[in-house]
Amino acid sequence: MKRFLDLGDFSRDELLSLLELARRLERQPEPRALTGKILGLLFLNPSLRTLASCQAAMARLGGSSLVINPGHGSWQLETRTGVVMDGAAAEHVREGIPVLASYCDALGIRAFAEGRDLAADLAETTFSAMARLTDKPLVNLESAVNHPCQALADWKTLDDLAVPRGGRFVLSWAYHPRALPLAVPAAALHMAALRGMEVIVLRPEGFALPAALMERAQRAAAASGGSVRETAERAEALTGADVLYVKEWGATGCYGDAAADAQLRSALTAWCVRNDWFAAAPDCRVMHCLPVRRNCAIADEVLDSARSVVQREAYNRLPVQMAVLHQLLRS
Amino acid sequence: MKRFLDLGDFSRDELLSLLELARRLERQPEPRALTGKILGLLFLNPSLRTLASCQAAMARLGGSSLVINPGHGSWQLETRTGVVMDGAAAEHVREGIPVLASYCDALGIRAFAEGRDLAADLAETTFSAMARLTDKPLVNLESAVNHPCQALADWKTLDDLAVPRGGRFVLSWAYHPRALPLAVPAAALHMAALRGMEVIVLRPEGFALPAALMERAQRAAAASGGSVRETAERAEALTGADVLYVKEWGATGCYGDAAADAQLRSALTAWCVRNDWFAAAPDCRVMHCLPVRRNCAIADEVLDSARSVVQREAYNRLPVQMAVLHQLLRS
Amino acid sequence: MKRFLDLGDFSRDELLSLLELARRLERQPEPRALTGKILGLLFLNPSLRTLASCQAAMARLGGSSLVINPGHGSWQLETRTGVVMDGAAAEHVREGIPVLASYCDALGIRAFAEGRDLAADLAETTFSAMARLTDKPLVNLESAVNHPCQALADWKTLDDLAVPRGGRFVLSWAYHPRALPLAVPAAALHMAALRGMEVIVLRPEGFALPAALMERAQRAAAASGGSVRETAERAEALTGADVLYVKEWGATGCYGDAAADAQLRSALTAWCVRNDWFAAAPDCRVMHCLPVRRNCAIADEVLDSARSVVQREAYNRLPVQMAVLHQLLRS
């Protein structure tokens, strides 16, 4: 395994064996597995879980890490090609990434969607260009429409909680003051389909996920024995749900148009998950990748209830990160 | 020892034994004591000494550390409860702290006073709520009205310099362009009282420390054989002083009212410690927790003289931090 | 070796032996050489290569590092002496540096030129004052007119590429939207002269390097068998050149006057290195310390060609940093 960029790059057996490795490292620490190895972390966007779990994973395995935060002590980075760099960015990723890679044994890169051109973001234009800049082991720490480490941690969380492989997984849109990227909904949708679940995307009109993401998930579901559909009917979607996976995202019909998006979402503040959502799904768990805006996307009463498994999800970033780095740096 | 939040949580013997451990680790390094241990550092406010001494302490003991700086590469954190999070903060400490704790073996948290409601700050409402969010070993790296690591380093400094247990310890207010929190004066006052010193709080009218802090120190002094009083008369206070502990803080009578505070302090720029303060205390040492604004709070002529022991104080953060972390992570 | 502040502090043999050590550490890792050692890094300015290569070097040698970024999670630092600190800076380097040094085994400091007073910057007034604040091993990570780690990495790059000792080294000015410091051109000029090369400084009128820098390089060249001259004639300078070392810098005739500098440079956007510069130097390599603004200073067509060795230069920061830290902390 040379890169961990997308769950879709791996067979189901490879993913199951990564999950098994994560569980093994949880039970049997390997404090010398990565002795002398250095992970370079390039964060073009903020992070708490991803940053801390990567650094802790390297430390738990005996390695070390270093962090570059453009704009916070390091140069702002340009990602566009062919431009005359007379603006704020002092350095281009075409220099920055290979240089950083040359000091390290592996790289992790986070680069959120630019949020202007949906087709470009769906094609992962920026992240793919960055990934081509190094031959070193590379981890996608969230790109325009992917977040494979989060998705694998979510899969482990579902396993930990003994959620049936074919259980009902409702991916629901939730309110947020601004349009957020598609990375996590895209990754969670794909993961649940790969796992073989009955996946329902619940979202208000105007917030349907792009067809390319739905179709990809449908193909994954077809191969795994699962299913994928979408609806705007909350009560129907949630009836008998095993898991409600909550996420905020932008309106795809007016992608990159903040004003139009704001107008659409202004009528949707009621899409804040509350206890009364679960009338017909008493045992339904609530997942969210975090960070979450309390009482915007999910009410306190839900986050602070036994239904919420967001802490376990976040914790699972650590064993999953350990497994991914172990695979990348030992094999 | 599970938490290091307040010197008042420990008996005098426990504190003396922590100080003894600090001295032992100074003389006899233990470069493997914390092998494999990870300290998570959450800094809601800036730091130099606290940050660097914690990281160096973990490294000197064979462990490692990771740093989360909300707003500088990590999400801004909300600390208030029950709010609709539609502002700048993307994440609540109710998620952020347990998540970070789940990756680490111990946490250190810095969260300055909010500086709006004196009663709430004196009650440590915010820090206590954060501390309740994790069961992991926890270090208070400065809260609203406490800074126990600084206080213990100051105690060690007094011991290092052979300042008599019953010596005269003058805690003096000094000028600063803005109102600063009460954490360090509160912690230094309490520490000197616990040590058994003759403590005099020297401050201009309007800058008396809150009664709750004075009374707490008086109770500590009663138990240790020391005393605590306050005055606005500099010459009297300093006569025969062993130590002048300088600190800037806000006017407590108009706590949270920046304009009223500014008006009060505008007349007090002469409260900058100069050589002529020491006419009747020739051997008096000058302490300050740093950072210090030169020629605002203390003049160059004092900071650059042999009287100043601010470097030793700052250095002592390291052995004290080592002792605290050793106790938290080995026992 | 106690400090690494300027190549000029060392004999030619000492420099050659540092380069030999860098090559040895490249071939034969010493993962335990600096076990237990801590490098404190104080960055008053942004960094990617310097930061990452220092942290990676310590990790590769078994040590650790910690980073203080004033203004990004740490206090802003004052460097001027004698001022009343009532502005943005909460701490003076006279406290900050010795304190940080007291926690660490060595320090690295980056402090760019203030860019107001050319004589003061040429005299390294600020950096020298900071260097005097600690006795610990110290590395100059870029000061007003020096960048010895970059210069040594550049020397190693020339050796790696088998550029003849007496080869033609053209240091060329290039366009940048703003005046940049003289540190890198000064260091590269001096290095090439020390190495014994035929050095030509190619720059437009108004951008001649200060006489003090030219004379210093001429003295170095005289001792090493090289030569140093300057010209504004690009074609003549580049004919038969082995290396074109590209760098942006400010107009020294109006140093500190941004408006005058901007007017001068506005006519010089054609000083962007393109393929047609090399008509009479087909095998000429292109060096640049990075970060570089693509299509301002150097065109994509050059940076992306085989002629460019900027990646090797940047990579060489790592073995050179390892050699410097090995020497400082082992001897």
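In this document, chain identifiers A, B and C correspond to the written order of the chains, with residue numbering beginning at 1 in each.
Definition applied: a residue touches a chain if its C-beta (ideal position, glycine included) is under 8 Å from a C-beta of that chain, and two chains touch if they have at least 3 such contacts.
Remember, predicted model here, so these are calculated numbers, not experimental data.
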Inset, instruction - Nearest 5 degrees is plenty: how much rotation brings the CA atoms of chain B onto those of chain C? - result: 120
Inset, instruction - Since chain A and chain C are copies that touch, just let me know if over half of their interface numbering is common to both, same, or not, different. - result: different
Legend entry - Whole-Å gap separating chain A and chain C, where each centre is the average of the chain's CA atoms: 39
Inset, instruction - Indicate the residues of chain B shared as contacts by at least two other chains. - result: 64, 72
Inset, instruction - Would you pull the chain C residues touching chain B in the complex into a rising list? - result: 35-36, 38, 40, 64, 66, 68, 72-75, 78, 81-86, 89-92, 94-96, 98-100, 102-104
Inset, instruction - Flag every residue of chain A that touches chain B in the complex, lowest number first. - result: 29, 31, 43, 46-49, 51-53, 55-56, 59-60, 64, 67, 69, 72, 177, 290-296, 300, 303-304, 310-311, 314-315, 317-318
